[in-house]
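Below is one structure. I have some questions about it.
Every chain is named by a letter (A, B, C and D) in the order it is written, and numbering of its residues begins at 1.
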Amino acid sequence: MIAYFVACYPNFEKSLEIIKKSIDAGVNICEIGFPTQEASGEGIVIKNAHDHCLQRNVTLKDTIKLAKAVRNYNNDVGIILMGYMSNIFKYPIKNFVSDLASVDVDGCLIVDAPHELREENELRNLMNKKNLSLIKLVAPTTKEERLKKLSNLFSGWVYSLNFSGISGSKSANLEDVKNMIKKIKTYTDLPVCSGFGIKTPGDAKKMTQTGCDGVIVGSSIVEYIGKNLNDTKLPKNVGNIIKTFVEELK
Amino acid sequence: MIAYFVACYPNFEKSLEIIKKSIDAGVNICEIGFPTQEASGEGIVIKNAHDHCLQRNVTLKDTIKLAKAVRNYNNDVGIILMGYMSNIFKYPIKNFVSDLASVDVDGCLIVDAPHELREENELRNLMNKKNLSLIKLVAPTTKEERLKKLSNLFSGWVYSLNFSGISGSKSANLEDVKNMIKKIKTYTDLPVCSGFGIKTPGDAKKMTQTGCDGVIVGSSIVEYIGKNLNDTKLPKNVGNIIKTFVEELK
Amino acid sequence: MSTEKIKNSLKTGSDKDGYFGEYGGIAAGENLMNNLEELKKAFEDAIKDKKFLDEFAYYCKHWIGRPSPIYFAERITKKIGGAKIYFKQEHLNHTGSHKPTNTLFQVLLAKRMGKKKIICESGAGQHWSAAAATAAKFGMPIVGVMGKIDCARVNQNLIKAKHYGGKLKIVEGSLREAITAAIKEWSNNPDYYYLIGSTCSSSPFVDIVRYAQSIIGKEMREQFMELEGKLPNEIIACAGAGSNFTGSIFEFLDEPEIKKVVVEAEETAALTNGTKGIQQGMVTKFLQSDDGSKSLGGSSLGAGIMYYGISPQLAHLKDIGAIEASAASDKELLETYKLVAQNEGIGISFEPAAAVTEALKRAKGKPKDYIICATACGRVEKDLDVIERLIGKDFE
Amino acid sequence: MSTEKIKNSLKTGSDKDGYFGEYGGIAAGENLMNNLEELKKAFEDAIKDKKFLDEFAYYCKHWIGRPSPIYFAERITKKIGGAKIYFKQEHLNHTGSHKPTNTLFQVLLAKRMGKKKIICESGAGQHWSAAAATAAKFGMPIVGVMGKIDCARVNQNLIKAKHYGGKLKIVEGSLREAITAAIKEWSNNPDYYYLIGSTCSSSPFVDIVRYAQSIIGKEMREQFMELEGKLPNEIIACAGAGSNFTGSIFEFLDEPEIKKVVVEAEETAALTNGTKGIQQGMVTKFLQSDDGSKSLGGSSLGAGIMYYGISPQLAHLKDIGAIEASAASDKELLETYKLVAQNEGIGISFEPAAAVTEALKRAKGKPKDYIICATACGRVEKDLDVIERLIGKDFE
């Protein structure tokens, strides 16, 4: 199971605590989003969490610090950063890659960086050299020919978008997802993980029938955090929620 | 002295009474204006009097009735109607002329009927046949050539406008008026009366120095009536005002 | 003004006394007679002066943005099913109506006459804002007169005119009272140029305004020949006093096979319901009381077509059967506005909505190659708030 | 697109990856990549199709009212004393700005692609009302997105768009947020056509909008050759993201002797004060925080030029010295509006006032035969209430 967290949401300490409890609950990969105003792929839930963090001046640097703390806590869990090119470009790219490597993160996933973007190429090349994965996405609208091209660039695992649209906006059609996973798998042996529209453990369970190798849960966790920002038991409760997902996925 | 009255202002009886008292006070010619919405040559004072009468549905017919009553009261005073073509045209013209003749009025003066207007020609011809005068106006802007043409049409007397503009709006420049009267008199032997901008007996007195044969007082009388509509002594008081003018003009 | 002389041509303008048949003439005070004569001479002189006409054409093109295009209203045509409906897009002119063509012509004339100041009246404020813009362009001071009733509903035009530098005088009433008051101002200041906004009042104003606006029909001829290879079968335009309509049809007056339909506001349809009279400086049809002392007529949403009189030339042309007259109600104006906005993406003001209303009625069932051209003489901005208030919910 | 091939021509559009030098590209989500590819192919196809181009030209002429004229601002020129100042009168286009040329081109493209619904963003509401009008004309449903800040001040545009049948979604913020939100809507509905309003976002949008708008410069060439027998020495236009400016100068890109000056709002002058970054689907200059997570910049009266980014093509052209950049303050916009209204009788909106401000500065002291052309890309209506509130008393 892959869980998406907004870095330092609601703050560094609690965020770290939440991720720790999630790892304890059995999360396989932590996707840590770094906040940005852009967030053009995000629905209102994740967008609000980003805005919360931006108001508190959370930066990509802070996110990397958080990732480092997570790695210190657990050596086996997968850690990838997720976000938009804006922050990475300004970091700038070279430093971003060396910092990623130095905190022993596994890779990252950029929402708005197709391989047509030269800056993506630059980032990917540097990451490859450091054995870091630049996770690529496949969308339902991705045509066969493009998928073929993309498959040469896959690294780590493949993020399969369950529908075209922004996070948190729709539910996935199981049959469509199944066909898509199948199609992707004809081009790659890497794990294919299914994301978008998975809100409940029940959704996650159903998704396993599509042949995917993992599911990504985002908005529903972020939403829970957003609704319980001041709850002192928040990390523990998130852990429990993760547990219900992990149980269903066993 | 020529005095301008708005017909039936403030009502038939009072208006008649005012005119009677004015005749008693020595007015030579009564100019009786028939009310109309048009009133494009009138300033705010006379316009308001017209509107007052229109609200009470005073018509040209009522005006002729009033003229008749004035004639019954006094056989010698000059009586001319004054107004706009609209009402006469609708009367219509033929009936207007025969009614004028039948109540023994001397003539009429139309503000918006130059001799270029065919309907003026029709009216003038009919009036000529009945020995009624269609009083013509001369303005400071009237060119020599036109004055010459006009002089062939003069009848009764000539209304010399002291300034270009609407009634009650300005004061006259004595020197200009003098020159104008002189010019008019080179073309006609008829009396030339001077109108517009004569507000006080003093104004009237001064005006006599211009060589005119009579002065026309309008707005200042109408204004006085307008300010004392409900005064029971109104006719008498108007008479007294007229008297002050007449005294000055002796 | 037409190149070929046609026997009994209707395109000759008024006769030597300023009449069109039994209508028109000069019903003005003696103190304005010299001005009118001077104006007539200046006008007749000017239109023989190639340099003057070139200047007019130059500013028509560069400042106003003429020619205004003709536009095939394809979706409405399909919806109605019948004749091809075209708009002559006068609303694309600078200031948003046909008015600046006239104000441009007359301000140039005023300049040529050496006048130093301009006075004008306005109904919908379209003439006022166009006149003020033109006066600003040529650095002339300008005073305008409008009725209180009109001012309230065309506020944007007043602000624009103010920004152009125009000084506004507000009088009780509507366009009728504004014209009377403007004439009074002119009487008081005969050295001003009186810039009338439509084909009304004494001669030679009707001829002057018609002359300026007849560029509309001239453009139409060229444009239809280019686009359709033939002229429209019917030309329809709205009229307050009639400059837009006269400008649209004058070019075609000697072509009786082209139907010409003028559309008034139902509440002030002087051509249809008026009687002959003499007011406002002219002999024409008016909505008036039997004794001629009062004007009649209700209130229309179309501020610019809410006039109780009509151009004397149009009264004459209707009498001799050269044009037809119709009228549109407020309800129709609103419906037509909506139809045009939603189907053609054009926001027309209430006045042209009257013309388009008539075009829709006449198009129905006509053959597919029958062409009806309605002049779209104003854009919606000045009426937008009123529309939104009255039928805004229809669009939700 | 140019008839002669010039070595190292700047008129070639973006390179195969959608870049202009180091700016541009595609920074979009995977779920939009197919759309962008499809769009690029459709665009490249369409502009090779004579029938399509003829249709575009036809509606440009008849619906929009193109060509917009050039206008010699004689009195301002005299007042300033120096170069001849011309306006390219884009405000005379239907809907009152340069925007409909682009919306027309893209709606025709959307139709050609078989799209059934349109989505767009808007800043000043000019693009929104132009887009809604165009969609209405072709019977296409349309959804628009605007920021709350902008909605409040351009209310007339919103009402007009509503009357044309457009459905508006209001989001927090201004144009930046509107673009982001519109892109999100598009992501959710990849079967829609995304009708962008300016030369920004991912390739091929910059090329598409530039293609449509470059008609401005083409007309200018013809018009100046006809009227002056030569081209202007300087062309000045304002920019939000840059469609109006790019459209004005593209035609002349290979003529370095013609100066090209882009004017931004002082508060959001991305070209002058921005830093390179990747946001809003493109690599370009932005006013942004050092870490790229936030946009910077204040608020300008010119709603349409209040954008924290700039066309990537313009970022490139500035880097290589092919264009110059300047900026105008709110105070200057108001002063220039007043000057133009009072001296030329033209009510321009705040955006073109930025361009004219710069033209005035540059005209001073230049030789009398030096020509500066400023694009007057909007009329005042949408800004009228704000102006009246701020400086209404100046006109009394």
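Side notes on the structure shown:
Here is the rule we go by: contacts are C-beta pairs under 8 Å (C-beta built on N, C-alpha and C of every residue); 3 or more make two chains touch, one makes a residue touch a chain.
Computed from a predicted model, the values in this text were never measured in an experiment.
Least step count on the touch graph, subunit B to subunit D: 2. When you average the Cα atoms of each chain and compare centres, the chain farthest from subunit B turns out to be A.
Computed centre separation for the pair subunit B/subunit C is 37 angstrom, with centres defined by C-alpha atoms. Inter-chain spacing, taken between the CA centroids of subunit A and subunit B, is 97 Å. Chain contacts here run in a simple line, from one end chain through to the other with no loop closing.
Contact between chains, as defined at the top, is found for A-D, B-C, C-D.
Touching subunit D in their complex are the following residues of subunit A: 34-41, 43, 54, 59-61, 84-91, 111-114, 116-119, 136-143, 146, 161, 164-166, 169-170. Interface residues of subunit C facing subunit B in the complex, by the touch rule stated above, are 17-19, 25-35, 37, 176, 180, 183-184, 187-190, 276-281, 283, 288, 290-295. Across the interface of their complex, subunit D is touched by residues 61-63, 65, 68-72, 75, 89, 92-94, 132-139, 156, 159-160, 162-165, 337-338, 341-347, 380-381, 384-385, 387-388, 392, 395-396 of subunit C.
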